[in-house]
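The following pair of complexes shares a single chain, chain A, combined with chain B in the former and chain C in the latter.
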Partner chain A sequence: METCTKVTKDWLNTQEYREKNFAREKLVINPAKACQPLGALLCALGIEGSLPFVHGSQGCAAYFRSTLSRHYREPVAAVSDSMTEDSAVFGGQSNLIEGLKNANTLYSPQVISIFTSCMAEVIGDDINAYLGNAKDQEAIPKDLPVALANTPSFKGSHITGYDSMLKGLIDCLAAPRQEDKLNERLYVVPGFDTYTANLREYKRLLKVMDTPYTLLPDQSEVLDAPNLGTYELYPGGTPITEMKDALNAASFLFTQTYSTPTTRKYLASKGVPVEVISMPIGIAGTDKFIESVAKITGKDVPEEITLERGRSIDAMTDAHQYIHGKKFALFGDPDVLIGVVSFLLEMGGEPVHIVCSNSTPLFKKAMESLLGSSPYGQGATLYAGKDLWHLRSLLVTDPVDMLIGDSHGKWAARDADIPLVRIGFPITDRVNLHRYPIVGYSGVINMITMIVNTFLEEKDRTSSDTYFEMMR
Partner chain B sequence: MFTNLTKLDLKDKKCMSDAGSPKLCMKALPGEGAERSCAYDGARVVLMPITDAAHLVHGPIACAGNSWDNRGARSSGSQLFRRGLTTDIMENDVIYGGETKLKDSILEIAANHDPKAIFVYATCVSSLIGDDVEKICQEAETELTIPVIAVNCPGFLGDKNIGNRIAGEVLYDRVIGTGSGPSEKIPLSINLIGEYNIAGDLWGVLPDLKNLGIKLQTAITGDAKFEDLRSAHRASLNVLICSKSLTNLVRKMEIRYGIPFMEGSFYGIHDTSETLIKIAKALGDPDLLERTLVYVGKKEEETRKVIAGYKALLENKQAVLFTGGVKTWSMVSTLAELGINILAGGTQNSTPEDFQRMKELMDPSAQIIEDTSSAGFLKIIAEKKPDLIVAGGKTKYLAHKTRTPFLDINHGRKLPYAGYEGMITFAETLTRTVLSPVWGHLRRKFPPKEGEQVD
Partner chain C sequence: MSTRETIDFRKQVVEEVLEIYPEKAKKNRRQHIAVKDSECSSCAVKSNTKTVPGIMTARGCAYAGAKGVVWGPVKDVVHISHGPVGCGYYSWGNRRNLADGEIGVDNFVPFLFTSDFQESDIIYGGDKKLEKIISEVVGLFPNAKGVSVLSECPVGLIGDDIESVARRTSLEHNLPVIPVRCEGFRGISQSLGHHIANDAIRDHLIGKGPAREIGPYDIGIIGDYNIGGDAWASKKILEEMGLKVVNIWTGDSTLEMLQNGHLVKLNLIHCFRSMNYIAKYMEETYGTPWIEFNFFGPTKIKESILKIAAQFDERIMEKALKVIEKYTAPMQKVIDTYRPRLEGKSVMLYVGGLRPRHIVGAYEDLGMEVIGTGYEFAHKEDYEKTIPALKEGTLIYDDVTALELEEFVKKLKPDLVGSGIKEKYVFEKMGLPFRQMHSWDYSGPYHGYEGFPIFARDMDMAINSPTWKAIKAPWK
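Our next item is the complex of A and B:
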């Protein structure tokens, strides 16, 4: 077989290559997903005093920390038990036991959150048994809680790992449900959400609605810690006391669907009422969130919320002409995609290409039904399980006006000569975006700001003198 | 914590890396932290900058998904090396094996991406499930016209250094000397080994080499083209830039191709000059040496003149240095050049020799950081209260939380610091870092106590 001589940038932009590219099955080019343990690490950071502990090769832990650190621009704490070739032969038990002992001595956590990377999974380490042995050998105190999650990276993606760790943490920390001791609190689970501002927004809205709540997990103080002159290893997170009482919740409300199925199933099996909604992005999405909270608590929606909603709608009317009829390509995680697409549809924006690497059949169905429900969704196609190299082919053969996704999309956007508005994870080449919510009514305003101002900036920078204007 | 290097007997030759590998970069203890990367990462660091080759990761999404295009190595030509190529090993592959997937992927890349060679990286998973990466690469190669090179670097083999060494072996066995062109030596030509062109470092050095009439055969591997690497054995001299991790490569090249090697650094005025003079001497051309002595004198004067303004601003600032490899000692002299005192220095991936050298350069009162974990890092900052921390990106945000100015000198940086030009950039960036008004806001107490003024 000869190497192809016509491989040029121009040829890569052709329909002919697009077809070839979509026939590609084995190779992944420019992946748009991360691995299970990364999601587990993010989850583990959101519990008070929790030390994330990677059972596996040390390089994995270094990668997760560096990816998260680059997104949040914050230190990210985690330890690894550094399994090596010997562990591959003899199992990772001695690493785990020694690691637990050292980690506990050095970092005095309130809970250790163990999750696995591939190596431990391939050799079949039984972390549950190892943990029992560690406690028997008094490597760590018997009463130190240790949460467990199996998170092989060759299965699922970061959102799966988040889910497993969350279930592991509740299972480890929460006392059994007692119907006579329910705590009247609404437990809100944000899912794999990398916007600290989203977490703060949930808390603000719940406070405005006078709802006793627990956000679980809550990384807002951990990954957006104020600079007070000293570094805190455990600067916040869902309080352990509220973790302990989690199964006595009045109800659980999940604001992401695809990053939480295991945990929901677990809670339902414990008799806890569970409600799930789409990520509250856009007006309808946020309405649903507010309505769900009001329904669960039985309280009226306060006027403050109505006014806030009104301001967002006003912003939509001010800016609709800049989005209506514009064509968009999007990529990202299922929950974020559902949210952003529904927002675009509300504005009359037209999603054309939607790439989801970690798609599921349920998500596919939900996305197709969402697109089908709007006249603006008719021209859209969901590409499940595809990567950013597929997306590139789509963008250059069937152009759109804007790409929405994380920083990894910048190559494809550049090749297609269109702007990229960064929504998703990771965002490693812009500052502060995680400090602006994309959920809630204020999220609506922020998204309009990002999208519309990007279009207008493009226009100003590319228009001739004739069409250069003070008003846009 | 990490091995206490100061307690090693540095005069004991057995402790030194005779085989060319930094044996004393000890393993991390389980549970103490997660600062260190793995052998796979180490191999990638060395080989990935080869610009016109494809780099295929045969592993689960963790290995490539978390790390494609994450190092800032720059290319003047092909950008193929930054394409994130992976077989994305899934559960079925773990059960049934991933060899077919790998083979298909290699053929796909060859057909549609125009690589000059394909490097295939084994990972923990591919090794544990018993995929024979070497065999598949050989098979694929027989069907193709380009080299398909297996890099057997599963992460569990250990630290980054081990991966560096494996990459060196791969270059020696499969790349260098494999071209079809002539093989006689090129006069006054050198290879720069361990220079990865991070942030364009290489380009800070090239003008000086050119002005002196020294030909760069290739860097290993910054901005390198595969064909140039193949002819690396034609160079007259190997210059080892990044510490010891590729010592095995230069030693073997010396034996097989008779290429002598030397160590050098292009960080700081003094080291740049010294390295250029050493190169001239090693190349054995009296004219060149004479030219070089005049040239470095002139460049030093020019550069010192430009940085004098920065030096005045930075003089007597106190720094803590926390870095790896050759930068351990080269940074000491670079900072000294700007009048900065070093309160403490530590390192992770350096050899005892690097370490010794650093100690010799530092003020005797300066402290060697033995505990390189986050906890140790924070302790040193609290004790020393430096004006400045110079380190790799992993400690950046920790440093910020302690309200200490921080300069990233590893691969997270965006500006080149090598050579005379780089020294100017370095001085400029350092000044901006240390004198940024944000530190003042951070240190100001708020709200003020009664009777105090908010300035």
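Our next item is the complex of A and C:
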């Protein structure tokens, strides 16, 4: 192999390189997935008065906080018990107990949400036993709720950790189900969702549908907190009282599939009715959400929703010509991918390359079935467990018109000379995108706006004088 | 308030804030906080000790220090984050250490390479996987000049032998493969990671490069990570002085620059904390002298230019004086523009390696006063270097906790806070102007004559932004 710069640069764009790249067995380059405790932290932030607590190295906590803060441009509180080398020898119990005592004194949480990072998992710390000892030693009051989640970073991804923490929080806070004391609330679980506007959109739709609900967890006030001139450590979240009553829910509705299996299984084992739908992105996805809610509550869908749906359809027909037949590459989390692909197919857009670094067999099946159900999905391939360096090879050898994914896609998009529309997590190089919903009928309009206007902006920026027109 | 009253008030603030802690934590934290007074009897703060569990520290870990800070910016080396996916993911593309080169060819800074440990790797060990990974790196990136292996927590806990994998693969591929044992549980902050990273450079690279004649004006910059182009701004001044910057460690640096770090007349050390080890080693082993310098703000730049020029001959001194003269008027113009808008404004800082002291002069050039400062991971000698730069009454806090900093800020009421991403939005919610002083808040460079106008503009923009005035609703 000639190693001069230019030759190598060109070689990176060849079919030969693509094959070599795809022959990789062990090396992972630019994966679109983070580790479990990040998801656990996001989940823990969505409960009222919950203090996230990392049992492990303090560096992990610093990384999770920074990563979330960069996406939301919001404060993210979390403590750790700063395990160091001696904990590797003796275990992390003394750190956990001292950490609990200090955290509780300083930050007066209503619940402490403990999750683990690598160190504690590798040495096999028994956090449940440690917690019992902490309470026996009166480091914290016996009645202070402490939720637990084992979140090893060498299994699954951030969405797995979200699920484990969610289960831990319900298990810690909810009283046992009593069939004679059921509440009338629909508990809606958004899953690993980094759009505060999505959470607000769910709440708005549920209100319009006159449905008593609890969003669990709910980070919308925590990670999109108003600036009123004071800093609140606990600015919102699912109320503790509603957490306590969670197992008495009329029903649970999960709006993500792949970030919630453990919690769904847990709830089912407690006799709670559980319904799960695909993330309501696009018309069919949103219809399903509306219908599910209506079915559970037994109420008619209000006219207002029908009108709202109609406005989104109007936006779709108005703009179909800019998306129909366009080729797309996408990467991201399973639930978001299913939703966005479904939306593109509704618009006549053609997904071509779909990369999912944290894919599962169930997701693969679902995605392939979705693609198979549409004439516009016939040219698509799902690359399960692949990364963004694979994606780069795909983009330069088999070009598409647009890449959809988080900010990490910007290098691949640049190398392929195509625009990147930012949907997913994290988005660290654009402002406010998490403040626009991608779910619901309004999400449809927002996605059309983002995608179509990006294409049109490209067209204007690259048009010669001759073709630079007033109308597009 | 008189200076005495200020000192007494701030000492009282410290005592009040310490009341938040349980007894044991209070005892610990008291030793890390001080107010500078005339006798300086109390300005020694304890540092470089274990963080109190559960208090919300800003500190990171050894991996962050070794990969994120020291090794990550070396552009033509493939840095493998060895272990589970997280550490590499969180340190991917967020430090702004700019590098010039063909991405994927001879510049790997914007990449995340990870061994993405799974449960089976924890059970059976990751050495075989690592060996395979290194061969895949060599096949896919033929222009990479070396490979570094940065170990994450599990690697050290399961007893992997990355050193022997590195030795074997290095011979096999005829390429430097550098094991860096920077598991996050080592030490008590990023600091040990810097040290471990320095030791890896010492053990595997220094003196092992192609021989080179040392020119009479060859110098190196040590401990500048080129945040937002900082190192390039510093280099500009040094080259105008007639010096030749042949190495930068490690911003925009190459493997060869690390190998030849000692082959200079003088090393200029910018971030003392993260790279003093290797500078001292080069002096002891190769007789390469080093001095510290500070290119923040015209006053300190001038002092540093003269100090650096004094290490060389008349020719350099003559040029140095010309450089100072050349930039005096433009810098004065910057001061004339911004000083009236910033005069008398106060700042509280809480940052990393050198900035809590190095930036003080730049603020003073703008008529501003630093009333509180502290480090995440400093050692005793850093505070010894810091105290003289501070005015009496300055509050000094080591490894400050989130709540302490909030309380100090509420009571001292600075006009600006300069710290990191984890702190930024807390203070902005309080309606307080804030600048990220690790990443320059996505601006920069702040170094040198090129950086000062940007620094001044940014501080003015933060403090005088009309957005702060909108916080209060008219009906409230």
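We take it that the second predicted complex is superposed on the first by the 465 of 472 C-alpha atoms of A that agree within 3 Å, B and C clash if a C-alpha of one lies under 4 Å from a C-alpha of the other, contacts with A are read in each partner's own complex, and residues count from 1 in each chain.
Note that in this section a contact is a pair of C-beta atoms (placed from the backbone, for glycine too) under 8 Å apart; a residue touches a chain by one contact, two chains touch by 3 or more.
In this text, all values refer to a predicted model and were calculated from it rather than measured experimentally.
With both complexes brought onto chain A, simultaneous placement of chain B and chain C is prevented by a clash. In the superposed pair of complexes, A:417 makes contact with neither chain B nor chain C.
Once the two complexes are laid over each other on the shared chain, residue contacts for A:303 go to neither chain B nor chain C.
Contact with neither chain B nor chain C is seen for A:469 once the two complexes are overlaid on the shared chain. Shared-chain residue A:143: touches no atom of chain B or chain C. When the two complexes are overlaid on their common chain A, residue A:157 makes contact with chain B and with chain C alike. When the two complexes are overlaid on their common chain A, residue A:54 makes contact with chain B while staying clear of chain C. In the superposition on chain A, contact of A:179 is made with neither chain B nor chain C.
Of the residues of chain A, those at positions 1, 3, 17, 20-21, 24-31, 33-35, 37-38, 53, 56-60, 62-67, 69, 73-75, 77-85, 87-88, 95-96, 98-104, 106-107, 117-119, 122-123, 152-155, 157, 225, 227, 229-232, 389, 408, 411 touch chain B in one of the two structures and chain C in the other.
Across the interface of their complex, chain A is touched by residues 27-41, 56, 59-70, 83-91, 93-94, 100-102, 104-105, 107-115, 123-125, 128-129, 143-146, 155-159, 373-375, 378, 393-394, 396-398, 400-403, 442-443 of chain B. Contact residues of chain C toward chain A in the complex are 20-22, 24-25, 50-64, 83-87, 89-94, 102-106, 110-119, 121-122, 129, 132-133, 136-137, 139-140, 142-143, 152-154, 156-158, 184-188, 190, 401-403, 406, 420-422, 424-431, 471-472.
Contact residues of chain A toward chain C in the complex are 1, 3, 5, 8-9, 12, 17, 20-21, 24-31, 33-38, 53, 56-60, 62-67, 69-70, 73-85, 87-88, 95-96, 98-107, 117-119, 122-123, 152-155, 157, 225, 227-232, 389, 408, 411, 415, 428.
Contact residues of chain A toward chain B in the complex are 1-4, 7, 17, 20-21, 24-31, 33-35, 37-38, 53-54, 56-67, 69, 73-75, 77-85, 87-88, 95-96, 98-104, 106-107, 117-119, 122-123, 152-155, 157, 225, 227, 229-232, 389, 408, 411.
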